[in-house]
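Pasting a structure below so you can have a look.
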C-alpha cells in the first residue's frame, strides 16, 4: 500500500505549527499561479475600450499583486518569511467577459513559493474588483490555482489543464 | 438613456486615486462575501474524519481571514483605512469535495466594506490551501464574490444566486 | 444564582470571532498597564551609571512601546483596529535590580484599550531586554498586567495592588 | 514678550510621547505637500519620450505614494493612526531635468494630516528614484515641504513660495 | 580582572544602532522561551472544562505567537529582519491557576533568535489575556524569559531553573 | 556609440516588474545616503540649546530611520525583501539652520541596498519634521541622495560632491 502524504503543519498532538525547514536544501524554486476575474461583457469592454486610461487598472492590480507576494508570510500564518528573487504579474483580457491573471515567483531558498504566487494572483484579482466594483458589483473571482511548481524535494508539478481561460464559455 | 455609473477611482486625467469620501455619511455598513475551495474528495474526508485534529485547519483559516480583513487597506492600494466594528468568518464542508467560506464585515463609517469581506474570504481560502497543499496540490479556489451589501448611498445589493455551494456537482 | 460573564469572542458554535461593537457607545476610554523587567543589579547599575548614554535605552524602549500600541490589532487577532488619541510610556528604575514600565492609552471610540496598553508595556520590555541581553541573558519580564481601566459599559477597574514595584525584594 | 510655541511631543520630563488629541475637535483637515526629483535631462527625456511605457513609472510612484500615506503612523513614531478620507498624488515633469510630485490628504478627524501628505510625496519620490536609478544614480530628491494646511486650531498655513518648481534653473 | 561584555547596540558616541552582523557566521541558531499567564482558578477551570470550545483559545494564541515571531524585527527596533526556518508555540495548563507558554525558534543565519522566541511567547500570552479578559481582568503575565539558546559565537545558554512552572504555588 | 543602460524593472511589454535577481552573486553590498533638513535658525538653536531634552528628537529620528530601512520593500513596490546585516543613522547640526542625516546599510545578498539607505534618510528626516513642526512649519527636506555604493556588478559609485552640507549658505 502506498504511503499517503502527511500534513506537515501539525505537531505530534495535531497542533498547527510552522514546518521546520532547517534541513531542506537551498535551491532555486519557482511557482506559477493563476486567477480569472469574470465580469459583465460591458465591464470588460469599458476596461479595454478606454473608458478609463488604458492600462491603469492593470497597472494598479499588477503592483498590488507584486506587493502582496512580498507580504505572503504576513497574511498566511504558517508561511515562512522569505526573500523572493523575482515576482511577475501579468493581466490579459480573455473571452468576452474575463480577465486572466498569471503570476510567477522565484526564490533561492529552502521553501516552495506556491503560496506567494497564489497570493499575488488573489490580491491582483481583488484589486481589479475594487477598481471596477462601482460599475459591476457581481464580478466573481474564479479558478485561483497553482499552474506549475519546480524545485525542492517534492518534484515538479504541472496542472492537468494549464489553460482554463481557453475553455471559458463566453457570456451570451 | 440611462446614465452609466462612473469609475470613481480616477481623477480628471484618468489617474488612479483614492475616492474622496469626506462628504459621505457615517452609517452602519455591512457586507457578506464567499469563497469555495474545491479539493479531492479524499482531502475533504481527511479534513472531516480527523486525519488532523478536527477544527484546527478551520481555526487557523478563520483567524487568518479575520486578520486579513483588518489589513485590507494595506493590500488593496485604493482602499481606505477603516476601523471595522465586526468581522466574522465561517467555514463549512459542502458537497463531497469543497469547503465554503462565508464572511461578514461591519463598519460605522463612510465607506462600504465589501473589499474587507472579500479579502477575508480570499485569505481564509489561501490559508486552507496552504495547510492542505502537501496532500492535494490541485485544489482550486472558486467563486470569490460578494453575497450582500447594505448601508451607504449605493443601496442594497444581493447576489442573484446566493447559494452557489448548493449547486456544486459532486466530483465522481 | 448570579450569571457569569460570557466569553464574547465566541460565536454560537464556539468559534473565535471579533466581537461586534457596532452598538457600543463612542466614549472616552482609557487604560493603564505595567511591566517589570528584573535584571542583575550590575546590569541596572550600568544602565543608570552611564555605561551607555543615559536615557538612550529608555528612549528606544519608549518609542518601541508607542509604536507597538498602534499595531496592537495587527498582533492580537481579535482586537479591533482603532485610532488611539494618546499613548504614553514611562520607564523608571526600581529597587536595585528592576525597571518598571508604565503605559497609558486613550481612545474616543467603541472599544476598551487595555490590550493596547498591555502591548505597549510588553514590547517596551522586550526592547529593553534586546538592548541589554549581551550583558545579562537571564533577565526576566514580570508582572505584565492591567493597572486601571475606565470608560465603556464594563465600568471602572483598578488593580488591587497598584504598586507591585514597591514590594519587590531587592536581589542580595 | 510673545510666548513661543511649545514642543507638544514631550512630557513633563522631556520624554517623547504622542500628543493627546482627545480634546481636539473633529473637523475636516487637509494638507498639501510637494517633492522635486532632479535628474539628468537625458533621464527625463527618456521618461517623457517613451523609452519606457508612458505613464508606467508615474503609475507605480503614484500608487506607492497613496499606500505610504496610509502607513504614515507606522513609519513616523509619534504620528497618530487615522483614517484618511482622501489621498491624491500627482506627478509632472518640470523644467528640463525634474519631476514635481504634489500630494493632498484629507481627514475628518482630530489631527492634522501634514505628515501624511509629506510621507506620500517622499515615498513617491523614492519610488521614482528606484525605477530610474539603473540609468541615473545621481538623482536627488529636493524640496520636500508642506505647501498648504487647513483645519484645526493652528489655523491656515500657506507656504511663502508655492511654486518652487517654477524657479528651478534648467540644467545646462 | 575579567573583561565585561560590551553593549553592542551602541556606536562610538553611544547612539543606538543595529549591530553589524556581516562578519558573523551562518550557522543553525535556536532559542527557546517561556511565559506564564496567572489567572483565577475559576478562569482556568472554564478554559479546561469547556465553557468555550476546547483548544480554541489555545489555537488563536498559538497562531498569534507564530505570526508575532515573524514580525519581531518590525516590533523591536534594533532587531535584524530574518527568515526563521521554524517556529513552535505550545500552551499547557499548569498548577490550578496558570497557563505556561513555551516557544522555540530556529534560523540558519547570522543572528541569534532569542528575541523571536520571547516575542512569540509574549504575544501568545497577550492573546490569551485578550480572549479571557471579559471574565478575569486581573490576569497577570509573568516570567517571560529565555530558557535556552544555542548556535553562534556566544555559546550555549541554559536558564538556571528551567521549570518555573513547577514551582508555582497554587492559588488558595 | 556606447550602449545605454536599460531600465531593468520592465518586462518585454514595458510593464513594471521586480527584477529577477536569482542569478546575481551573493556579495557584501553597502550604500550610504544623505538628507538635509533646513529650518529656521531659531529652531535649530532650540534643538541644540536644549529647549527639549538633548538628543531625544535625534534619538526618535534615528530609530525611525533604522526601522524604515527594514521596511523599504514594503514601501517601494519593486524593491526586493532582504535581510540587512547593518543599518546606521547619524544626525548632526550643520551651518546655522540645518540638520544633516547620514545613513549606511549593509547586506550579504543579491541586490544593492541604496533604496534602504535612502529610505532610512527620508524617514528620519520626516520624523525630525514631525517633532519640530509645531514651532516651524516651513522646514524643508533637501538633498536626499546617494553618497556611495559598493558591491555587485554595477561597480563602485561615489557622488561627485560628497559634502553638500559644507556648501550650505547660512540663513541670514
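Going by the order they are written in, the chains are A, B, C, D, E and F; count residues from 1 in each one.
In this text, a contact is a pair of C-beta atoms (placed from the backbone, for glycine too) under 8 Å apart; a residue touches a chain by one contact, two chains touch by 3 or more.
None of the values given here were measured: they were computed from a predicted structure.
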item: Contact-graph distance - origin chain C, target chain D; value: 1
item: Other chains in touch with both chain A and chain F; value: D, E
item: Interface residue overlap between copies chain D and chain F, same or different (over half shared); value: same
item: Centroid-based (C-alpha) most distant chain relative to chain D; value: E
item: Chain located farthest away, centre of chain F as origin (C-alpha); value: B
item: Listed pair (A-F, D-F or A-B) duplicating the C-D contact set, over half by residue number; value: A-F
item: Distance from chain F to chain E - Cα centre to Cα centre, in angstrom; value: 33
item: Chain A: positions in contact with at least two other chains; value: 15-16, 53, 56, 59-60, 63-64, 67, 71, 74, 77-78, 81-83
item: Full enumeration of touching chain pairs; value: A-B, A-D, A-E, A-F, B-C, B-D, B-E, C-D, C-E, C-F, D-F, E-F
item: Complex contact set, residues of chain E against chain A; value: 28, 58-59, 62-63, 66-67, 70-71, 81-90, 106, 108
item: Touch list for chain C against partner chain F, complex; value: 53, 55-56, 59-60, 63-64, 67
item: Chain F-touching residues of chain D, taken from the complex the two chains share; value: 4-10, 13-16, 46, 51-53, 56-57, 59-60, 63-64, 67-68, 71, 74-79, 114-115, 118-119, 122-123, 125-127, 129-135, 137-146, 149, 157, 159-160
item: Interface residues, chain A side, partner chain E - complex; value: 11, 15-22, 73-74, 77-78, 80-83, 109-110
